[in-house]
Amino acid sequence: MSTGELKKGGWADQDHVPGIKSELLELNMGPQHPATHGVLRLLLKTDGEIVYQVTPVLGYLHRCAEKIAEGVNYKQWVVYTDRFDYLAPMCCNHAYVTAVEKLMEVEVPRRAEHLRVVTAELSRIASHLIALATFGLDMGAWTPLLYCFREREEILNLLERISGGRMLYNYMVPGGVRYDVPNDGWVESVLEFITMLENKKIKDYNDLLTYNKIFIERTADVGVIDEATAKAYGCTGPVLRGSGVKFDCRRDDSYSIYDKFDFEIPVGMGEQGTVGDCWDRYIVRVREIEQSCRIIRQALESLPDGSVQAIDLIKPVKVPVGAAYSRTESAKGELGHYIISDGGQTAFRNKVRSPSFCNLQVVEKVGVGQMVSDLVALVGSLDIVLGEIDR
Amino acid sequence: MVQYFQDIYAAVNSAMVGMGVTIKHIWKKPVTLQYPEERQIMPERFRGFVHNDMTKCDSCNICAKLCPVDCIYIESEGKGKDRMMTRYAIDYNKCIWCSLCTENCHTGSITMSHDYDHSVYDRRSLVYEFMDPREGTIPCHRATRIETGWWVEPKEEKEKNAKPAAEAKPAAETDPAAGEPSGDKGGDH
Amino acid sequence: MDILTALLQGLPGFGGMSDQGLFITGAAVMATLMFTVMALCAIVFTWMERKVAGFIQSRYGPMRTGRWHGWAQAVADMLKILGKEDIIPAEADKGLFVFAPLVVLLGSLLAWVAVPWAPGFVAADLDLGLFFIFAASSMVVIGILMAGWASNNKWALYGAARGAAQMVSYEIPLALATIPVIMHVGSLNTQDIVIAQQGGIWHWFILRDPFLFVAFWMYFIASIAETNRGPFDMPETESELVAGYHTEYTGMRFAFFFLAEYANLFLVSLIAVFVFLGGWWSPIPGLDFAPALTFVIKGILMVFLNMWVRWTLPRVRVDQLMYLCWKVMIPVTLLCIVGSGILMITSGAVG
Amino acid sequence: MEQKAIYDLLAGHLGEHAIAWHEGEIEPWAEIAPEGINPACVFLRDDQRLDFNQLMCLSGIDWDGFDEAGKGKSLGILGYTDEGAPEASDRVAEGDFGVVYHLYSHGQRHKFTLRVRVARSVAAVPTVSEVWPTAAWHEREAWDLVGITFTGHADLRRMLLEESWEGHPLRKDYVMPASWEGVPMDGRPYAVNPFPATEPEPKGDSTPPAEA
């Protein structure tokens, strides 16, 4: 049944028994619900298992980050960017410092750029692992969750060794990174880890989840976001690529030193169903993990010597007057910062364009006509993080 | 019809493959640690609870200003040579372990410790007062400090000592075999 | 039951009892025994489930309570759950709400009476034993519907509706899968079914002919669905329906559901054992020293298989579940009946 | 396509609604009159040479108190006093509101920035949510936090804040609430630790001792 037909009237709108008016069932999915990945609330109107209307209600995790940005200085606000997408904080750090540096027009040391790329890609892998894990969990597969968390734990350990933080790193500063590589064989550990991940673990995930027939049945042809919808709704990241659009900020709007590396952009090809279904979005993430491993290997093998900070850490960051929108490819999609500077130490306005915020909006359209179980699959495959949506 | 049987075959086959993966893991050693007995070794740069060494701190207020969440409270009385620090407190309810305070400390008094295990029954207990009430106020001015026996590490020396000190300290602490777990020191109620 | 009655007669003080009195006393003893076994298996299997899940997932599971691998964790949990506040939602249908867990528990408890633990050791040696088991366990679905409706919670209602559809449907392949065995035995008596499998592993029904082998796996899949466990845990589906039909239940009433789930799990495993896997007979003929123990060990292995499946596979969607039942399992089980029948005739087993 | 060339095309289409072109900064931008924003966006999306099929970002801005001189002397935001009371100011806010649109074309691979400025007394801009559906949420957020009305928006409700919230926090003259629905919201720090340490701290040990 197409969306149009469903909206016009289903079983519920008809007068089945004379004198008894049937209605759609209003259902609150969240804010406390296992499948909404945090404190998202979806107001559903359903007829049995079929969803007729989805209205996301946001704001349960709103922390006034943009207001705070007008009160703290540029270096202090790096700390807050960690808290947006707390599953890939390095990517958020990277996005913010890129935006500040764009305004400052400062040259970042090469070594720092390499370290930024390595840590951001590790963070991206960690985030994608969580995405696989929680998507599997939404589909009822418990065990991949623990396996993915096990590998994520390794990444957290690696990032903890270089930055000191386990989850919220505060590692990058405008003009470089805070610390150089620790002298305890960190580079070797990272290489060892990504080799293990590429060779063994991804195969495990594929065996256990990706090519499982039940999983394919649950995700293929479900929640199809076609290319036009994805673009119109501003979807980015794996959601856009899952719809078959070969677009990646790292390649097509290159920032940092991503143009120096050789990697591919995986896109959804409708292998198990239609292009842009949940399975495509899922497999894009799996393949991106492999590509991230490639980038990390290249970045570490060509790690140059030198300093890691262009600006003295002790000095406060002053940004010349101007406004710039800078976008980067975070784990969830295009993470943009629009910074308006008045020449002082504090941003006049800092708007954050978070990928999950824009990706989630598509639920309003695509969620209609799905079954409740498929809606769970759809929300899971969008891989949203509420810290980023509500900011 | 062929598709029907192919689907059944795919379902059975992929289920068997998946079950092969899980049964393989039953025989492997679990990766989790039994927490209070086994602890992860904290890396050198680990950012635990903030610690301030009162013998070095001269109440310059930079850490309080740099703190993005205003969790450091410093109070002092008097001016110039007679300035006395009366309170140095950190509110761990607010602290976000960002380590910005340690970066600009010119005396090197404020550091990130390796302690992370710090549960309390009353959240007001997490406002930690670093000054011992019995020792009274602490002079802030350098000359006065040297006169009264409080010592401030000179800046040049600090830079020289910074690296070996930082490396030596965690080595002793992170070894789980060396002594009791750090959480047991302070967490007794 | 006969053995028990005979035993009781031998005991001092019971000798002078009338037959009726002996029967009632025996029934009471048996019922207590069964309930204890049920409660015990819920405790043992929750612990086992956690350990199995733990080791499958690269972790230990409970390790603290009771020192050795947290063996007392399930006991502690049971005590905790009994001590919890009993909440009945204000808008709930109180009568149904209170009654529903009892119906579920009763349904699974009743079915236990026909389980053949050892030669002659069965609570009620019914001529229609297997039929009785299936009939009694279908009462569970009424309890689930009652619970979902009475909770006055939309998620619970969803869970109940899904659960009813699922369990009613899956009873058909569940029963159909056992029909080839019944054809071989020529009896529905549970004792007879086991006795027919005497003589080593090659006489077990699972290995008698290929159709019975398929029928066993059909039974296995249907039994997972019948016990509402993953990958067919439609009534609960914690990632979709929060907790399904028992969303609003707490304390003792929740414990009843919990108890019934694990009792049911063990029950269907035991049915699989005595119908397909030779009951109390050991795989090698002549080693039948402890029939009841063999029976229970086989049951536990089946429970393990069940858990292994649960912690591996993702959950199917509710319409796919129905597809699987009506379009795959029922045709296949029917095929098994026909095929097995033809093999019986060609091999001359029936004249 | 060059940014300036895009603007020329746009200006040719819009006429008087295209106010100015700002070159020479890090990010060049075109200033459009509020009335012209909808035709401008439709043109930018539908013209095959431009093909802006994605709205990257839409930001609402309160330009009140902005230091044009670039000395960093913009008006600070109002917070809480040390006593925990909301700071207040007698100043009447007068700056304009602005909306910034960042566009991207997947086909042509070029970006463009549009800016709109409206007087504080008007505070209304036509919606572009029919041009790009993604604008609907961005506009709701801008309405919620900055208080710019988007005329023609189908569903202009609060996005991140509670429906009953008063004021728009990202306005520069926003006064922090003293309480919300009975919950005090003062920025007061915790009082002195009622359980201070009695043992002197062991020197050199980096473990902060807990309370007694």
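Labels for the chains are A, B, C and D, by order of writing; each one numbers its residues from 1.
Criterion: contacts are C-beta pairs under 8 Å (C-beta built on N, C-alpha and C of every residue); 3 or more make two chains touch, one makes a residue touch a chain.
Quick caveat: nothing in here was measured; it's all calculated off a predicted structure.
> Taking mean CA positions as centres, which chain lies farthest from chain C?
When every chain centre is compared against chain C, the largest gap points to D.
> What is the identifier of the chain with the smallest separation between its Cα mean and the overall Cα mean?
Checking distances from each chain centre to the full centroid gives A.
> Comparing A-B against A-D, which pair counts more contacting C-beta pairs?
Pair with more contacting C-beta pairs, A-D versus A-B: A-D.
> Please tell me the distance, in whole Å, between the geometric centres of chain A and chain D computed from their C-alpha atoms.
22
> Between chain A and chain B, what is the gap in Å from one C-alpha centre to the other?
Using C-alpha averages as centres, the distance is 29 Å.
> Where the CA atoms of chain C average out and where those of chain D average out, how many Å apart are those spots?
That pair's centroid distance is 61 Å.
> For chain B versus chain C, what separation do you get between their C-alpha means, in angstrom?
Centres of chain B and chain C (C-alpha means) sit 52 Å apart.
> Of all residues in chain A, which are in touch with two or more distinct other chains?
Answer for chain A, listing residues that touch two or more other chains: 143, 150, 208-209, 212, 214.
> Out of chain C, which residues touch more than one other chain, so two or more?
In chain C, residues 56-59, 311-313 touch at least two other chains, as defined above.
> Hey, which residues of chain D end up touching chain A in the complex?
25-27, 29, 53-57, 59-62, 66-67, 69-74, 76-77, 79, 100, 102, 106, 109, 111, 113, 132-134, 136-137, 141, 145, 158-162, 169-170
> Give every residue of chain C touching chain A within the complex, in rising order.
53, 56-59, 154-155, 158, 230-231, 233, 237-240, 242, 311-320
> Can you tell me which positions in chain C touch chain B when the two form their complex?
Listed in rising order, the residues of chain C that touch chain B are 52, 54-60, 63, 308-309, 311-313, 328.
> Can you check the complex and tell me which residues of chain A touch chain D?
Going through chain A, the ones touching chain D are 58-59, 62, 64, 66-67, 70-71, 102-103, 105, 231-234, 245, 247, 252-253, 318, 320-325, 327, 334, 336, 338, 340, 342-346, 348-349, 351, 353, 357-358, 361, 365, 390-391.
> Sort out for me which residues of chain B touch chain C in the complex.
Touching chain C: residues 8, 15, 18-19, 21-23, 25-26, 28, 30-32, 34 of chain B.
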